[in-house]
Each structure stands twice: as structure tokens, then as C-alpha cells.
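Below are the C-alpha cells for one structure; questions will follow.
Just so it is clear, A, B and C label the chains in written order, and each chain counts residues from 1 on its own.
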Amino acid sequence: MNAVEFSGISKSYVVDHNGEQQHIYACRDVEFQIQKNTIHALIGENGAGKSTLMKMLAGVETIDRGEIFIHEKKYQPKSAADAHQYKIGIVHQHFLLAENLTVLDHLILNWPKENVFANIFKKVSKTQIQNGISKIEKKFNWNFKLTAKIKDLSVGEQQRLEILKALLVNPDILIFDEPTAVLAPQEIADFLKFILDLKAQGQTIILITHKLHEVEQVADFVTVLRRGQVMHSGSMTHVSVDQMAELMIGQSLDKLEVTQNKKVYSESKFVFSALSFKLYNSEIFGIAGIDGNGQSELIAQTIEDVKKQKINYADISEDRLKFSIFSGLTLLEHMVLTHKSKFSKWGFVLKTKAQKMTEKLLTDWDIRPPELNMKIENLSGGNQQKFVVAKEMFKDPDFIIAAYPTRGVDLLAQQTIYKSLQTASTEKNKTVLLISSDLDEILQLSDRYAIICKNTVYGPFLKDQLTQTEIGRYMAGSVHVE
Amino acid sequence: MNVMKAINKQKKDSFSLALVVFIVSSIIWSVSSAGIKVGLVLDKGGKDDKSFNSSAYEGAMKAVKNLGIELKYVEATDSNSLESLHRNFAQKKYDLIIGIGFAQADAVKKVSALFPETHFAIVDGNVEGPNIRTLLFQEHEGSFLMGAAAAMKSKTGVVGFIGGMDIPLIRRFQKGYEAGAKHINPKIVVLNNFIGVTGEAWNNPAKAKEIALAQISQKADVIFHAAGASGSGLFDAAADKKVFAIGVDSNQNWIKPGTVLTSMLKRVDVAVYDTIESAQNKKFKAEKALFGLKDQGVDWAQDVNNEKLWTAAEKTKMNDLKKSIVSGKVTVPDYYKTK
Amino acid sequence: MWNKFKNFLPPWMGLLFGLVLCCLITPFFSEQPWHVFKVLVSSAFQSKYDFGLTLYYVTCLIFTGLSFAIPLRAGLFHIGSEGQLTLSAMVAACLAATSFFKIDSVFMNISFVFLITLISGAFAALIIALFKYFRGSHEVVIAIMLNFIFSALSLWVTVNYFQNPNSQNPESALIPENLQIFINDPLKIYFEKSPVSLFFVFAVVCCLILFLIERKTTWLQKINAYGKNRHASRRHGFSELQILMTAMGLAGFFSACAALTEIFGNSMQYKIGFSPMFGFLGIAVSLLARQNFLGILFSAFLMAALHKGASDLDLETQYLTRDFSKVLQAVIIFSVAGSYYAFNYFSKKRNKS
């Protein structure tokens, strides 16, 4: 029996291109079924239309054309409330949390309602909430501090709260949009175990991701999307990881070459008060650690130092929406804003130069759609991140601070970003400070690394100095250094 | 649906009624055909301020009834529009345009020079011109009488004065009032307060009440106001604390019978009516017209509402005083002249 | 062509709709709809003098509209324009009336008065920026407070020290005749000595210049970016203080321009309460134009014509009072503002089908 059936779904956005309006398709004639009580992976590059499809299912986006059936009944969501009624839960990639509320307030607001008036007349009590969530907490080994404010939680904790919220309604169908993008390695393992548990209890799970090895571990079925169209849909037994990657990207992936052995190291002239040791020129220095262990303070401190020393630096920030992009401005405006000295003279914008350079940048980095005058918020998450990295690297920086550079980014984009960081360090002898919670990323890219836990930086360690378990112990904070 | 029908029906009825009235009245007008066109420019306070502007409006309405003139009145939206209103009336060939209040002095001065054929009149403003009639009141005479009344009725020997906006016009009221009180009782104490320095002062009853209560706590037992619509605050306070109040401009005795001792009448309606009548009879004179006790342009109000408050002896004393002011036996100091 | 044209269509459709709606209401008040329509549309252009008065309103509304639009680019909801224009009007009138600068050259004298006036306007607005930056206070609260303070301050100074001895109105003395340089300017003569003056030309030029600056230069870009995303703009290393000060300084500058329009272009003295809330009407002007600098020209004109038309309704009709004409004014503004939404909604529907 099908839990969900998509039939001929299309959705397009109108983009103003030099005064002419063009339709850009996010989804085009999407057609596939999701069987009940399975884990169904939905994979695709960023901008392939996965998130849009799920937003339609959740009633957040409207459908232009086509139909959705849920349990073989026609489903026409008008708002998120409809999705609740059909017992569809969704954990969004970008959290829909009110920053200034406490966890408790937030749970009270989102507590499942028996009817429309229940929440107005009857406030849910604290004990009721504690009882309600304790079962889930135990199962997943979570521990929420109810009095903490949302803005004080780490990204990982915020995501857990989002998952908790989705679980509260007892959903039949549970959608995870890029759930592991922000989690630490141990957490990822736990999470995968957790969704298998959920499946055992009879739930249908839709997993949107582009970490293919995760798909391989847990999914029963897989649907691959590329540029809004279904490339493949079927059982996992028929496809390999490599095939999936090829379907997703439309070409086979090059293996990333590891080149750090050729590097010539020399001590860099930069001094950072957050780090007790010196960095080298032409090295990528990684900082590993679970989210919320003082990374944001370290980044803020380092940026302050960099500014004081007047270093030409590139800043790939930890939170793209908050720190890196100005929604409402176009791509071209972003470029002119960041590279004022290059694209303006006496305050006058050198428009042709800016247009030409930006156009080239967009094609070089394969940012889609390559529309100069498109507002940045209309790009997909991965393309936004690529644009941010491209824009920052265009500075030809001496120092690069890359915080979570590949968070929520597809494989191809990830490759591009990695390559650009490596080129900067090997060919141009620049220093890269890489901060990430993705341990694989750190170990793959960096020459040396340190581990941050509870606001303390342990290290530096050479590439093969520690075993995985030792690293895990540092990250968990169970090693004490004299 | 029914309601709509009913409204439609009513509308139809009222429309046909209006049509009949229009035809009839136009016939009457065309028969009499003597009515001149009069434009009345009221100040920001508007025709319902129960004081100055409404008094002018009543005078003009009386002229509509008795003389059959054609009246159009407007209220100013902002001080820049005053000039354009006068100008519009003049352009539409109105015969007489009356501006109410000293704020319109500039506008009348400018526009009257551009339209020498049109008659202009202004109340309280002092503008000279070959086609302007200035209507001025001897406020100091009336308020002298009020001062005397207050001193006669005061048991504590303390009386109060509440002025609206602190301008020479109101200072003139105040000076006359003080002199009148001292005329009856040389040792009397007069408390003086003003509400403000802007146009808002004419419409701030809360502040007037506050001031009245403060004066009462200083033993004042008769209080006179010259503060337009703010005066209602004084009447409230006086009624609460069982002291006397004195009204101004129009007859305000009815507002709180038994509390309002009397009112100083400033007959803006009479002045407006007289001006319209003179223009109607082609006797309009460009001059400075003074209205005082002599011609009852200012006076004190006596009616059923306050007659129990006055003994016959007191009434005689008041009327004697009035006569001696008119005859010049008693001189009243004028703030405009002694300044 | 259609696409370019389409963006300008909604407000005009809204205007027409609003006018028709007004006319539909008026029969309930026993008025002739056609007559009311004629008055509303034509009163601004009746005579040269009337048109001049309308242009005077346009001038002030352009300035206050700009004074709102620029801070809004930095995300500041600036409602302090009224206070700033009151203060700077007082400063201008008092400096000029007392011939504060004892310089023989009229040009130098006027320049100094203008300079000090513009500085005082900008300074009054900067107070808001400084409070916002150093104390984190909300700009609306500070602006409201300052509006009260400046109104009281100007009143006190004018009435106590510079009161016109020949008048009972609370107003400053007239500025000396040699400083009344705009009393016979070409615009004033053409429009039969109405309140309009050359400041109107200056206002239009300001709009054009700002429009070009925004399109062709980077000067307003940081302000714009700060308004879109405060955190990112800090992270990019843009100076927050500089951005706030520039935005508010310009706002105060334009408020002061509105004050100069009144003092030197119209009444030649400071009359307490001369402004029929120009500062607040400017908010509507700016929002109607969606903060577009060229759009402000048109929306200011619309507002001014309405203001003029509404005040003439009282004179031209039998039953519509001054207060009711405000209601009609509001109906028109609402329908113009709502037209964007309605138009978007319909064009979306059309695209789908």
C-alpha cells in the first residue's frame, strides 16, 4: 500500500530577467510512490527540488500542477494545519524556532491540540510536558533543559528540539530534511539507529539527504531527483552508491586528490588570541568538535583579531542566512558590496566590469541559475553557500576562515568547495582555518587539527596522531590535559 | 435585502423631498432675490466650540433666517489654507467674507488688497483697509463688571482668573477683571493663571480643572474663565467644591445652574449679524467698529438659571456700576493702551 | 514594454478605484457624486494660486517623504521628521529675524542661516541614531519623545524671546526684508504669490539625484544592506555607527529642508503649528511610493492634491464637512496602497491559468 503518491507535480518560480519574466521550474512532472512503513530516501543535489517537494507535502508551498495522494486519498493542503491533520510531521533544514522563547514555552506553543480552542482555554502544564517528552528523551538519550532559551542552544540541540516537535503529533509520515547535516559523528550513528526504531514501530519515513552512505545504511527505497525531475525511483537493492551519485550529478565524480605532502610550511605571521599556538602558511588547520562547544566564540574572537591586524581575509560564516547573505539584494549587488574597491571608482559602480566578473564567477562555480539580477533568497541552499564561498574567495585572501563550509551542501558543491580550499593552501600558500562538526571533513582536508570541547581547545594534533576513539573521547570531554 | 429596499425607498423619498424643497426655495429666492452671498471662515475650533466660533455661526444663521442671505461657512484645516479659503470665496464673487479670530488677520489683509470690490470683515483682528470692517470688543469693560460681581460674592476675599492662551487679548480680560474686583474691595486677592501659549489652550478642560482646583485650595471662591472650550473644566471643579464660576463669550449660565454666577457676554453674533445687515442694505462701512457696554456688545447675563443667586440690591449695584462705566464716571484700565 | 508599464499601473488603478469609491459613498450624504469627483480631482489645479499652494504641499511632502525613506533603508522606522522640522524652522526663523550674523553680504548671511538650520535638523535626527547605537533604544520611542521635546522647546523659545510684537498669534517676528530673497522668485510670480517657491525645484532635484545615487553609486548601498541584514552587515565589517549616522543625518537634513521651505519660501516667519503634520504625512508618501525616490515625487503630488481637494470639499459642497473629507482622503490612500497587493494577486492567478 502506498503511503504517499506524487502524480505529475510541477512548481515554478517567476524570475525577473532584465525586465522579462522567466519561469524556473523547481519541480517538473514529478511522479513516484512511497510505500507504507519503509524508509524512503530522496536524494539530489541542492536545487534539485527535494525541499520544495517536501514543503508542498507539508502545506507550506502551494502546488502549481498535479496531485498528491495520501493513503490513496486525494490530499490538497492549504496550510501547515492540514498536514497535521493527515499526520505528516516535518523536520525542516532551517529551524522554525522563535529565538527568544525558552524550550518550555516553545513546547507549550507546539503542543498537539485536541481542538482549536483547547490551547486558548487550557495551558499545558510543565509536568504534562515533562511526562510527554520523557519517553522520547529516553529513547534517543536526549536531555532537554526546559528553561534554556532557544538562542542559547547549539545548532544540534535546536535540531533535536525540532525533531521532538515533529514526534509529538505521533505522525504516520515523518519527513527529515537534511537531518544529519548539523550532527556530530556519534549523534549521526544514534540518529540512524533511531529512524530504524521508528520504522519498526510502523512509521513511514522520508529522508532527504545527500550523504549517500547514510542512505545505503538505512533506506529501503530511493528516489533520485535532478533539476526538478525524477531520474530514478526504486528499491535500494538495485542501485549502488556510485550509481546513485552518478544519477544525482549527471556525471561521475572525480576522486579528490590528497596533495598536502608537497606543501612547504613556514610559520605564518598571524597571531590569534583564541589559539595558543601559531598557524603555518599553506596549511589547512581544522577545528573539530560537537556544535555548541564554543565554536562561535572562537570564530568571533578570531575575526576580531584578523580585523585588528588588517589581514585580507575570507569569511565563510557558520550561519549563512544570518551572517553571510542579505536577502533582498541581488547577486550582483552582493558582489559590488563585498568588492567595493574592485567594482567602483569614486563611489560610482563600474557596472559592465562587475557584470562581466560576476557572470564569470557564476559559471566557474556552476551556480544555478546563473542570474545576476536574481535575489539571493531565490537560490537553493547549496547554491547560496557556493555563491558565498565564491564571493569570499574572489577577494584573493591571505587567510581563510571557513566555518562549516559544506553544511547542507550537495556532493558536487562540496567537492568544489573542498577543492577551492585546497588550492588556496597548496598553490597560493594561504592559511585556512577550518571549523566543522563533520569529523570526516576535518580529517580529510586538514594538515593539523585541534579539538574544541567546552570552550577549551585541545591540540594541535598531527594528521595521524590520534585514533578515532581518542578523538571521540576528546570531543566528548572525557580527556583531561594537564 | 429588505433593509436595502427600505433604504432605497427612504432615499427616494428624501430625494424627492429635497427636490421639492429646492424648487420651492429657489422660487422664493428668485422672488425676493435680495440675498447677498456671505462667506464665513471659522477658525480651527470649528462651529461647535460652544464659544467664539459657534456664536459667530449663530449670528450668521440668524441673518439667513431674517434677511434671506445665502451663507456658506468653512472651517480651516491648517493655517496655510486660511488664505486660500478667503481667496476662493472672493473668486466666487461672494459679497461679504467674514473671518473669525485674530489668526486670520494676515489672510484678510493679503486677500482684501487683491479684491477691492469685495467686502471683508474680521472679528478680533486689527486690520486696516478700504474694504475691511474690523469688529472689536471692549472686553475690559465686561470683565471689569465680572470682577465687581466676583468681589461682591466672595466671602474669603480671594477670587480667581483662568485665561486660555497667554496673549494680549486675554491679558485685557484679566486686567479689567482685577480692576473691577479692586473697585469693590481694595484688599481683595486675585489669582491669575493661564492654560497655555498655543491654540491648544482653548481646548484643554483637564488643565482648566486642575488650575481651578489649585485656586480653590488657595481659598478662591469665585473664579472667572476666559478660555473658550476649556471652561467646562472650571465648571466641573466649581460644582464639586461648591464655589462660584463665571462664564464667558456666550451665555453659559445653563451649563451648571446654581454654580455659574453669571457670564460675560461677548456678542459676536450681534456683531456678525449687524455687519451682514449693513452689507445687505448697502450701508457697509470700512471702519473699526467697537462693541462695548454702551451698545450691549458686551454685557452680563441674567436669566432664570442665575436669578436666585442675586439679591435685588446686588442687581441694582451691578446695573449702577454698568451705567457709571458707560457714562465715564468709572474708568476701566485697557491693557492695549497701558501696556 | 508591458512588463515595464505594469509596475506603474497599480497605483493609478488604485487611485481611480478610490475616487470612484468616494463618489459612491457621497450620495448617502446627499451630495452629487460627479460634483465631489470634480472637486477632488480639480481643486488642486483650479487657479494658478491653488496650483501653487498644491506645489507648496508637494515640496514639504517630498522632503518629509525622503526623510522617512532613507532611514527605512537602514531598517529604521523614522517618525521624528515632525519634531526635526519644528526645531529647524524655529532655528531658521530666529536666526534670520534677529539678523544673528552681522554680515553685510546677503548671500553670506543667508548661507550661514541655511547651514546652521540644516545642521540643527541633522543634529536633532542624530540624537536618535546615537541613542540607538549606544543605548540600544528603539528609534520610534526616542523619536516620539523628541517630537514632544522639540515642539515644546521651539514654542518656548519663540514665544518668550522672538515673539512677533505686532501679532497675537504665537509666531516669530518677520525676517528682515533683505533676507526675503524667495519672495519674488520666478515660481512665486508665476503662481500669483502663492506659497510655492524655488524650493520646489530643489526638492525635485533632490529626488532625481538620490535616484541616480542609488542606481549608479555605492554610497547608499551599505545603508541598504544594513537594513536587510544587521548581523551580516556587522560581520562584513561595515561600521554600524557610520551607517546609522549617515541615514539619520540625511533624514534630519531633509526635514530641515521642509522647514526652510516654510520659513524662506512661504511665510517669512515661524508660525507655531504651521505644519499640518507634514512629518507624518511623509510616512504615507514614502510608503505609497515603496521608498522609490522617483516614486516619492508622484506620491507626494497625489497626497498634496488630496490634501488640497479635501479642504476644498468643505467649501464646495453643502453637507461634507472638513472632518468627513479626511475620511474620503483615507479611502483613496487605502485603495492606492492596497492596489499593489490586489494587482499582484490577480496577476499571479492569471499566470497560473
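To be clear about the criterion, a residue touches a chain if its C-beta (ideal position, glycine included) is under 8 Å from a C-beta of that chain, and two chains touch if they have at least 3 such contacts.
None of these values were measured; they are calculated from a predicted model.
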Most centrally placed chain - per-chain CA mean versus overall CA mean: C
B-C against A-C, pair bridged by the larger set of C-beta contacts: B-C
Computed distance of Cα centres, chain B from chain A, in Å: 76
Centroid spacing, where centroids are CA-atom means, of chain B and chain C in whole angstrom: 36
CA centroid of chain A to CA centroid of chain C, Å: 46
Set of chain B residues in contact with two or more other chains: none
Multi-partner residues of chain C (each touching 2 or more other chains): none
Chain A, residues touching no fewer than two other chains: none
Contacting residues of chain A [partner chain C, same complex]: 14, 19-21, 64, 303, 307, 315, 317, 322-329, 333, 336-338, 340, 344, 347-349
Residues of chain B defined as touching chain C within the complex: 11, 14, 18, 46, 72, 74-75, 77-81, 84-85, 87-89, 91, 102-103, 105, 165-169, 197-199
Of all residues in chain C, those that touch chain B in their complex: 27, 30, 47, 49-50, 53, 56, 155, 159, 167-170, 195, 266, 271-276, 307, 310-312, 314-315, 321-322
Contact set on chain C toward chain A in their complex: 3-4, 216-219, 221-222, 224-225, 228-229, 231-233, 235-237, 351-352
